[in-house]
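Here is the structure we will look at, set down as structure tokens.
Chains: A, B, C, D, E and F, in written order; residue numbering restarts at 1 for each.
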Amino acid sequence: MKLDRPGPILCFGEVMLRLSTAPGVRLANAQSLAVHAGGSEANAGALLAQLGRQVEMITVLPASPLGDQCEASLRSVGLDTRHVRRSDGRMGLYFVEGTAGAGRIVYDRAVSAFAENADASDWPALARDASWFHMSGINLALGGKPAEAALDAARAMVDAGVPISFDVNHRASLWEDRSEADVRRVNDLLGLTDVLFTNPRHIAGLADEDAIAGAFAAFPKIAVIAWTERSVEHGRLSANVTTRDESFETDAASLANVIDRIGSGDAFAGAVIDAILRGAAAEECVKVGLAAAVMKHGIAGDRWIGTREDLEAFDPFAPEDVRR
Amino acid sequence: MKLDRPGPILCFGEVMLRLSTAPGVRLANAQSLAVHAGGSEANAGALLAQLGRQVEMITVLPASPLGDQCEASLRSVGLDTRHVRRSDGRMGLYFVEGTAGAGRIVYDRAVSAFAENADASDWPALARDASWFHMSGINLALGGKPAEAALDAARAMVDAGVPISFDVNHRASLWEDRSEADVRRVNDLLGLTDVLFTNPRHIAGLADEDAIAGAFAAFPKIAVIAWTERSVEHGRLSANVTTRDESFETDAASLANVIDRIGSGDAFAGAVIDAILRGAAAEECVKVGLAAAVMKHGIAGDRWIGTREDLEAFDPFAPEDVRR
Amino acid sequence: MKLDRPGPILCFGEVMLRLSTAPGVRLANAQSLAVHAGGSEANAGALLAQLGRQVEMITVLPASPLGDQCEASLRSVGLDTRHVRRSDGRMGLYFVEGTAGAGRIVYDRAVSAFAENADASDWPALARDASWFHMSGINLALGGKPAEAALDAARAMVDAGVPISFDVNHRASLWEDRSEADVRRVNDLLGLTDVLFTNPRHIAGLADEDAIAGAFAAFPKIAVIAWTERSVEHGRLSANVTTRDESFETDAASLANVIDRIGSGDAFAGAVIDAILRGAAAEECVKVGLAAAVMKHGIAGDRWIGTREDLEAFDPFAPEDVRR
Amino acid sequence: MKLDRPGPILCFGEVMLRLSTAPGVRLANAQSLAVHAGGSEANAGALLAQLGRQVEMITVLPASPLGDQCEASLRSVGLDTRHVRRSDGRMGLYFVEGTAGAGRIVYDRAVSAFAENADASDWPALARDASWFHMSGINLALGGKPAEAALDAARAMVDAGVPISFDVNHRASLWEDRSEADVRRVNDLLGLTDVLFTNPRHIAGLADEDAIAGAFAAFPKIAVIAWTERSVEHGRLSANVTTRDESFETDAASLANVIDRIGSGDAFAGAVIDAILRGAAAEECVKVGLAAAVMKHGIAGDRWIGTREDLEAFDPFAPEDVRR
Amino acid sequence: MKLDRPGPILCFGEVMLRLSTAPGVRLANAQSLAVHAGGSEANAGALLAQLGRQVEMITVLPASPLGDQCEASLRSVGLDTRHVRRSDGRMGLYFVEGTAGAGRIVYDRAVSAFAENADASDWPALARDASWFHMSGINLALGGKPAEAALDAARAMVDAGVPISFDVNHRASLWEDRSEADVRRVNDLLGLTDVLFTNPRHIAGLADEDAIAGAFAAFPKIAVIAWTERSVEHGRLSANVTTRDESFETDAASLANVIDRIGSGDAFAGAVIDAILRGAAAEECVKVGLAAAVMKHGIAGDRWIGTREDLEAFDPFAPEDVRR
Amino acid sequence: MKLDRPGPILCFGEVMLRLSTAPGVRLANAQSLAVHAGGSEANAGALLAQLGRQVEMITVLPASPLGDQCEASLRSVGLDTRHVRRSDGRMGLYFVEGTAGAGRIVYDRAVSAFAENADASDWPALARDASWFHMSGINLALGGKPAEAALDAARAMVDAGVPISFDVNHRASLWEDRSEADVRRVNDLLGLTDVLFTNPRHIAGLADEDAIAGAFAAFPKIAVIAWTERSVEHGRLSANVTTRDESFETDAASLANVIDRIGSGDAFAGAVIDAILRGAAAEECVKVGLAAAVMKHGIAGDRWIGTREDLEAFDPFAPEDVRR
């Protein structure tokens, strides 16, 4: 994994408009919806851009005011949108219900501009100047052009020597009607991955025990495996970063007064990538990753919002009183 | 036109979720969106139900929380939803931009539950118990199953002797890519119509002069033609109701402090249908229709909200001061 | 208790407009108030209607826009309002203060349309077609016409063989200045009740020990007693359903991130009635009742909002993470 | 009329809580209501207090959080509340519908704390230290204790030599079921009045012509008659101040972008009283009165909000562009 | 400490406008800000005024609409503003970020009207009629005129025999660039203080052990030392009141569903002062102080909002369920 | 004026945070404030960037969350912020009162990061790659470092051959206490200007007649003079663009339903600059400039929000009905 390449981090995936109800209001009786932009890769990229890194979002948005809204939102956190293409097709949407204890996301992403046009990038050209490539398994779960493009992209990155981070981001509902060929692509991609975000136990085809060892064995290119673990009944979050040499697991930090759980895994991924890029050891990677993930729980919308100074000042085990 | 049939008024058409920005906010920079349900036929039906009539909405909504939202909204104004089917497919959406002077509606109705499943009603059974049938030209513009269902419905109504009102509701953007067969269906439907809502000058194929006479001649079943006329530069609205015997045109009422223009034509249609059903003469029809249309301009959302008493108390030429 | 009667469930009681402050805002410094409709019987009925049952609300609302608001709100959740009478008199109001730890409800229900006109229903006629009758003790606490009507109604139901559920819903503040005759009516009603919602310890005149046995002994018609129990200091809720044959008490479920406690007892009652009506055993009744009550804590306003599928998917002991 | 008395201005009347919908939203479908305090005399007093005068509000509020809200609101604009009594009884409420062109106020003031307890002030003691007394005809229209107290107060003021301003504030709906004795009280009060706010044409019993002369003849104590005149169809407002010596009528100022019409007459009264108290001639009185009334149309809520400097800088005939 | 002096309580300090984001929104992406007034001494005074005491705020506000906003806000809770001077200079502002777990206050108080003009009060004249004087260490931390005025005021109070309460209110960020002379003033003021609000361990120069004894020894005038103690990891708050004779420490009350932590220490101080003024023993002082502090956590904005009855009814160890 | 230079447009000036009340709410009683970023040059630049041009904002923001908010806002409309420096100092603020007919802006820009650090740019380096330079007279009015930097910048641009547009943007309140030297700088800058935005009548020292000719004579470098003219009493706006060869004045367009007047002059400037850059004749420049200015009146916040397609579709003399 070559960490000293110059050039931007590339994030590839769908960016959607998120429409959320207020806390305690269900979609069935909502009178207004808050507007955010979101998407796993864009969320991770947003954190990286706010930490000061050059990040280019590779995606397709519709040529419509909703596409304008999304692009403005990407730019506002510092994501470079020069490679955001605009095309025909719908804006992918998802509706988020803020009801405590029964939260729900309703996706409405059929025939989106991204799904219909995800294949038009010149990956070898993009790879030439990139320092890192980040993507999630959602691209694969979407099937069709996004899934093809995901593999094309990853292969071009490998050819150019660009390290790849891959967040499996497994969501059962997305994989329900997928073909075997679709599922096989996950394995193909794992073979190209340098940094894997997932609990190895969740990768299909891996034995429950010795999952980490199994993953390292099955996919020789993987250098780092990292994930967060939620213990719902205790409202706690811990994290683990494991390399072929060392492994660190944090204590479980308490999650009180959660504002928004969505995107905490993406914040984790972004912060771990940043730490890897500055050559941090596993212990430092996992610590800053957990901080980003816990801090995200207190921030509305999909994205972590803050500065590098904010992130460094945040201790997930001692959520501060009012800072003056 | 048989006005003394018992049974409910039937309204057939798509009901969509409307998401609107606050005044002066563009979709490109909106942070929240107000939620309403809307749709030309549902809007007209909502007025009729609020005036105390029994109105059944015939439509298809998705089996999702967004469908629940829409159905609850239909019921809240008294529309009977027993014939609202729920199916797979998307919720049709439209985004409304409240910017003064540059208002815009962005439709997002592809592959909606209605578009994919509009053909499943048993029209002869519905016609048997109905007192009136109302529909707009949007069903025809959508093509496919909605257009087919629209003609099937109208034919079943004619067979059963149910009067038909038809609001052409011409929108260029919807008709852009339509086939000739699609366009021909408008004429077919005009031939089945008793009460036509449109300025005859806007019906394709009719000469600009003598448009009313032409319409009556071309479509012998039409008994009433009614429309509103907006003079944008003066912010005024007038209305016309013409039968084969008489014709009344109102003065132009001033539209000050407009809150929401959408749905004013539907309110007009609803109020005129109500007047026809109680046997009112053209002068009374056009007067109450204009009142409903002008009053609607002061009400947020697609629908007129009020009671029969409100409507009767409203004088479009003397918008009252605060009523105590 | 005859469970196979056809016809609608009848709910009888006052429906009021609820005006609530935002969280942390006191009535003394509120700048805006959220509008909901509420009332113990309407809340229980709303859950039953959303589960797909036919439910008719029997109440009196003022002939005013506030009455219109309430009626629209009842209809929106599927309650049938054909027996909602409109009359002179005020809209009953209650103001809810969302301040954490010092929540307060301020009632403003003097000379309401319901209090002044609750006696005008033709109970024998209503009973003839009903499958169930539900009511709370608030009617009795109000005294006067509501209390008289409550007993008239119950007697008519018993005469017609309609099962009666009665939620004592004891509120000290309502009973403060009541006469002995008023209090005696509670006992009269308990004698007519099939399903009793209250912790037997809270029924005046019952010994603290052996309260359940005492209740079954004193009121031979009672078939089921059901209640929830809140342990404030631990933020937990448990439930109990006891018949003459069996008794089930749930574990105490944790209540985190409570949005709105009001109406959780009504949701419990509605869900238990639904379970009884489909012939469920006590264990199933109490389980689904607790689920409804816990789920309600996460929903703003007096009412549970959802579908049967939502309720069945909700496990009060494992509040899910984001559902996608 | 003795203008150099020291001591506070007294304003006597009911203060109510005003709950208003957003623009374009009807009470029947409002989801939230804005909270303001209002009342004709309190509105006039609020302007006088904000201009720097010492003003004491004489009223009765309920001993409840809603009473606290009202008292805080009175104090916030500088009204002295030391003579605001708190008692049992309801908070008087009124609901305001912001729908353009069909605005409506729904009163809910039955059995209010004020209506039930308006008679408990020691008027001679209050009169001793007062410099002015202001009241509206609403007190008389309410009948009962408010009407009696109004006359008691006025007589005590006359005895102590305190000038009286009286704003007839005629509202047909309030006078509908009033007895003849109630109506006669208006004439009694006119006989005690120094400054009368009403268009003389609107005083019952006065001939339509020569109304001003007639008023001066019938009520010899009246020194000043002042009113505003609205020409609805042109959206314009003019004002007139007439003394026994001189009369000035302003041109009609244009009312564009009206935010809230309620309370503009009260702002007019307050500004005219202030001008009279500083010895201004009729021309100055009417000019500043019109300015206050027009400026109020642009301010949400019942009250004029501003400073003496704001009022002096405002030219109703040249509504300024953005002032920087 | 003379507790039976007549006259008002004086509170001296800066009053600022507080602009806060909604929960979960960071200042970097806020779209709207809630407006409150705040300031340590005004917050304590607000509680005392709401309990019915006469409290005069001594401060300087800018002669601007923002100053008007602040003054109206002070008056709304019953603070007497006759000694609030208005001058040139900015309104001091502070921005509050409601993000859970990473809350932050950003101060913007440079060149404020208070900082530039805090020295203009005639302290001997004010002291003559005062019953109590309350102030916080923020005045000293600001340095310059506020610090000088603070000492001048305290000396004038001592000369006139007015008891002084002093809330050290240490904030590291304010003291960062202070001179030694500035720091020395804290000690000067401690020598003039009767009631000290601070944990003695936090007073610079005091040994960590025996801090209370040390404080009493070093500052012979101090009669009472009182403070609250937060245990962040457990979300609990306890309080201590110690006199030269007795000491009471409460159990730690649980803080669930915290709405706003800011101002809880000020509410504690206000409630303790009120208790001391009515001659309460330490146990009663600390009990009511803790109640005020815990109750404040559930109220949005800097200030405790309520009545004496509310405070007496609140048990911090048994936060009530909905009170009806 | 060399129009074919490659490279970005540079905009130099202060960017401030704008905090605005809702319509009809005064700063004295606002409960919340909307947050926008604004500043004359940033507003003009925002339009140019949204039309697709590369625009770099040259300014100084504080190193604080408020600075982060501003920078994110600049980026969201596509402004390049690579030359935005961050420093100590305050965020400049301005408070906007939305009260109709008495709108007011209260500036709070003392000791801002920009005012204290505006002089740190390397203008010759910036000029080397720039295609255009835009600035307003506010920089001069601020005096001190901003005024010096403004002239340094302009001289560097002239040296490098970069065309300069200068919007005088005269505001009396800013110039009140300015020295003669400050005023003289305006003339210096006019001597360096290519495109002047101001009505020549408003330039100090120019005779009222023949103002245009005088301006062209006095400042030989000026190639274009452009301005808008508001006729307040008629609510209309016209525009004029005059070169040394030709002059076009538009008709006056009607301004109905104005949402926000602020920034309309900046939108005009931006659109005229864009037209000049694409070589448009005066008639086209003034037409598109007026369209941008009128369209801006319907958009909340300081900035025009839209796309080139929106601007081209907008006809200020025929504000469209709802566009579908």
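Note that contacts are C-beta pairs under 8 Å (C-beta built on N, C-alpha and C of every residue); 3 or more make two chains touch, one makes a residue touch a chain.
Everything quoted here is computed from the prediction, not taken from an experiment.
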Those chains which touch chain F and also touch chain D: B, E
Touching both chain A and chain F (chains): B, E
Minimum number of chain-to-chain touching steps separating chain B from chain E: 2
Angle (degrees, nearest 5) of the CA superposition of chain E onto chain F: 180
D-E compared against A-B, more contacting pairs: A-B
CA centroid of chain B to CA centroid of chain D, Å: 45
Geometric centre distance via CA averages, chain D-chain A, whole Å: 62
Touching two or more other chains - residue numbers and ranges from chain F: 26, 28-29, 31, 68, 72, 76, 104, 258, 307
All chain pairs that touch each other: A-B, A-C, A-E, A-F, B-C, B-D, B-F, C-D, C-E, D-E, D-F, E-F
Chain A contact footprint on chain F (complex, rising order): 68, 72-73, 75-78, 307
Residues of chain B that touch chain A when the two form their complex: 19, 26-35, 64-66, 68-69, 72, 90-91, 93, 95, 97, 104, 106, 108, 110-111
List of chain D residues in touch with chain B within their complex: 22-26, 28-29, 96, 99-105, 107, 171, 173-174, 230, 232-233, 235, 257-258, 261-262
Chain F residues within the chain B interface of the complex: 76, 254, 256-260, 294-295, 297-301, 305-307, 310, 314, 318-324
